[in-house]
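In this document, chain identifiers A, B, C and D correspond to the written order of the chains, with residue numbering beginning at 1 in each.
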Amino acid sequence: MSSTIPLKGIVAYPITRFGLDGHVDLKTYRQLLERLLTSGVQAIAPLGSAGVLPYLSDEEREAITEATIAQVAGRVPVMIGVSALTTERTLHHAKFAEKAGAAAVMIIPMSYWKLTEDEIFQHYQTVSEAISLPIMAYNNPATGGSDMSPTFLARLLQLPNVTMIKESTGDVNRLHRLVQTAGDSVAFFNGSNPLAFDAFAAGATGWCTAAANLIPDLNLALYQAFREPANLENARAVFLRQLPLLQFLVAHGLPRTVAAGLELAGIEVGPLRAPLLPLSESHRAELQRLLKQVRESHE
Amino acid sequence: MSSTIPLKGIVAYPITRFGLDGHVDLKTYRQLLERLLTSGVQAIAPLGSAGVLPYLSDEEREAITEATIAQVAGRVPVMIGVSALTTERTLHHAKFAEKAGAAAVMIIPMSYWKLTEDEIFQHYQTVSEAISLPIMAYNNPATGGSDMSPTFLARLLQLPNVTMIKESTGDVNRLHRLVQTAGDSVAFFNGSNPLAFDAFAAGATGWCTAAANLIPDLNLALYQAFREPANLENARAVFLRQLPLLQFLVAHGLPRTVAAGLELAGIEVGPLRAPLLPLSESHRAELQRLLKQVRESHE
Amino acid sequence: MSSTIPLKGIVAYPITRFGLDGHVDLKTYRQLLERLLTSGVQAIAPLGSAGVLPYLSDEEREAITEATIAQVAGRVPVMIGVSALTTERTLHHAKFAEKAGAAAVMIIPMSYWKLTEDEIFQHYQTVSEAISLPIMAYNNPATGGSDMSPTFLARLLQLPNVTMIKESTGDVNRLHRLVQTAGDSVAFFNGSNPLAFDAFAAGATGWCTAAANLIPDLNLALYQAFREPANLENARAVFLRQLPLLQFLVAHGLPRTVAAGLELAGIEVGPLRAPLLPLSESHRAELQRLLKQVRESHE
Amino acid sequence: MSSTIPLKGIVAYPITRFGLDGHVDLKTYRQLLERLLTSGVQAIAPLGSAGVLPYLSDEEREAITEATIAQVAGRVPVMIGVSALTTERTLHHAKFAEKAGAAAVMIIPMSYWKLTEDEIFQHYQTVSEAISLPIMAYNNPATGGSDMSPTFLARLLQLPNVTMIKESTGDVNRLHRLVQTAGDSVAFFNGSNPLAFDAFAAGATGWCTAAANLIPDLNLALYQAFREPANLENARAVFLRQLPLLQFLVAHGLPRTVAAGLELAGIEVGPLRAPLLPLSESHRAELQRLLKQVRESHE
């Protein structure tokens, strides 16, 4: 693992925990981190979509950044999500993460007004020139509102410090096009859970996933099945075991489903931050059934 | 004009002005407001999409709210955009607007994670029960990320204080469906500039537009052509005169195009807030041509 | 009504009738035509989408062409649908229609492989240079598979004999763009039933509709409400009365719904041509309710 | 290879050849077939999309069916495309293919009016009960107009004789869902050229492709790389070599691009059937560059 590409394998996205008073609960959050670390994941990435980054205040983001780095304590690399609507706030959080000791930062171009490619490029450029940490450029039009083509992502990789791509469109063709444009040594990560098998087959360096809060062993088993020499049959089998759950997480939203899944596993999770509501009863029952099925098939 | 539906006609959306230091410039902003008021628009609505609401801090939003109400000084109704990602911040800004003396507030369900209908409903409900001002529910999936169907919008109208709908999908069928579901006395406003003619023909109460920063006389003339008795031929003619400009504004984004249009009219406008960049030179030339054409056709 | 634009108002699309043996039933088809003529529609257009043109053999198409022209006998203009996948077959049917005495022909670019604009243009050009009848160029990507932009449609209007446009995308912006590009004297017809009000408001010359098989009086009343001087309030009222039915027809397909509607009106209609199946029982019940509601509101 | 699933590997789709007089040219078509057979492909499938099936008369289809089976003479299995808009014509061609000695037939639900699932199901059922040949159900909404979900495709597999699925949506998630629903022994074939690598990784039995007219050796090499034991690295390399060409074929349409590619290889190919036009000069130059690049990388 190089210093410019400090991540690989299962990059786990912890959810953010809230207390009954609605405030971020760092104590139980740290317990979640320990649980993830014990499971063997290769990296920790707080303040992503699953961590409801956009719903947090600057102060909350900074507290989570510091708490994560302190808790992980160098056991695995920590990548901090530092995205914000304005370039100024993104820069602020990127610098904060660097000073706090992060191994990398992740940036998705958030938008209200549709951004032009020039605007997105300059946004990354401003940040990339002001810090010395590796940057993961994250494409997820469904949440961020901007769609960056493989060609544009390859352009971003020419900026200083932009060394990694996370693709979450769910279209495997994008991954091939990225390799075609940026070369087959490009470090790309999959962010679309149901595409985990296909992304590893296509050469992904890692899988960024909040599913690791619930089924880290299966996530890790998929990654292992693709290590040299890849065993495609095993990989397919272990993927199909977890696929129904991955599809469910995506269909109903990571913050709701991961929180419900942790509760079903006996871990107390506080409320979500409004307007987000807990998973409905019927969906919770479906999740319980899926988790049971996954565990049984895994034994 | 009733107290529950305090708006009609041309509801003008001023842009937010920034100084060279990047801070909000309230002095020149007030001059913009005077310009709009002189033009004869029927209402003023700061902190909308054109006002780059999501890029502003809480303090900036509050300052603009107070400055607008003070400057308008009761000459026309003022509707304040109070949307935020969390329900808590939306509530905060709604209460602030009420206390500051707004005539109404506008709320779009902003999203990062796709919201469920229950979540959106509860979001509006929480705010609607905590204030006494009329609320305009605003649908614009392209910016807000959530799409509210006509049926769902009709449900929102049953909440206390939710009395007005703003529709910006650009699909006139939505307007007919809204009338079908909510009844033909529903107060709906058009937020899709190129649909202005069709929305008035379909019975819209008003047109929410940032185009009033540039061509208020043409906007007002369209509204007038639909006043009783409607003169469809006149309306069509005055609409076709302004349509190329309206299409341009939508194609290239309101903050960029309105700012450029004001500069072309000799009004000094500061920078946009990054990552937003000024309109490109070639688009600026096209805008100049369109504005010239509109003025000539209008004489 | 000129010879180059021989249509206006309600252009009625009769469905094709089949006997229990699966063959086209010209006798009952002629009765349908009489019913339409009695209702007062301004033109008859067989062999459109409602007439299941693509499911008919060449011989069947020719028989229907001749039967229609004979039965109408000059009382109103007849426009024949002559579309086919190949240029050669399209040309064949266009020439046949001309020889049989049609007033106009309608052509939609049918596709299996997505056609380029050059291919579509040359397709129209070949036919337009070989006949002397006015041609209506018909855009309906949902059925034909090709989407012709307003700019491209304006280009087609420069071909000899191409004098009319039928637009069925259901997007009123397309109509305005067509007027912008082709000039406000362009003869365009609406083919999207739920857009009938908006298209007439935008200046449509006529409305091509299979709804005239069921509610010709309401279709005609809408057209009348837009005659000089237009009465927008009346138009809106008469449109809202028929809109639920128009939405139903589009949602469930014209051949199925018109056939079911005729049966509900006591007119024996044979089977549809497989794979098309009759409307389901539950949809048939909904249609009956809608037809009853329309009739009551109309009295 | 069983009698119920008689295909695997590279299923080559020959294009249809036309003479200068516009008629089907069976003599040069047979030469094309020989070229394919010599290349080592595992099956031949005439009258697919590449063979411009929908642009052919019944007589032409029958002649091609007989000529193909005679020429192949049992060397590899022959699957005949028998799709038509009506059930009656589909049945006719399916019976003809069976009598002529085909190993299987392929059916895509063609549509003009959007078909319901009941209609599509009954369409397949009628044919499947009337013949004894294995049927490949083919999903390609971009050409056929109907989109069959994995769940629906799994239902079709319960009909007699429907034993194989061809998926051309280009979404690898569909393939996983099909396996989830129909079981991991389901025989599915990939019809989306740029998805060839991913489909084989996901367990596809074969790849239906017209690219075999141009680069059969590369197509076969990809298939081989996935034979037990799969060599993922080799597969990825051989896929990336041919991917630019596969993307080009899809972007510009198989009939045009395959014909141009054959001409560039020195094989005389007649005109396309109008409205289809030959590839433009600039695209032809791009194709020549891509073919050269593929050949060089392959050496």
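Observations on the structure shown:
The rule is simple: a contact is a pair of C-beta atoms (placed from the backbone, for glycine too) under 8 Å apart; a residue touches a chain by one contact, two chains touch by 3 or more.
Treat the numbers as computed from the prediction; the structure is a model and nothing was measured.
Touch-path distance (fewest steps) from chain B to chain C is 1. Among the remaining chains, the Cα-based centre furthest from that of chain B is the centre of D. The distance from the centre of chain C to the centre of chain D, each centre being the mean of the chain's C-alpha atoms, comes to 35 Å. Measuring from the averaged C-alpha position of chain A to that of chain C gives a distance of 52 Å. Of all residues in chain A, none touches 2 or more other chains. Under the stated contact rule, the graph of chain-to-chain touches is a ring, a single cycle where every chain has exactly two partners. Annotation, chain-chain contacts: A-B, A-D, B-C, C-D (touch as defined at the top). Of all the residues in chain A, the ones that touch chain D in their complex are 170-173, 176, 179-180, 184, 194-195, 197-198, 201-203, 226, 230, 232-233, 236, 239-240, 243-244. Those residues of chain D whose C-beta lies close enough to touch chain C in the complex are 22, 49, 52-55, 85-88, 109-110, 112-116, 118-120, 122-123, 126, 142-143, 145, 253-255, 273-277, 280.
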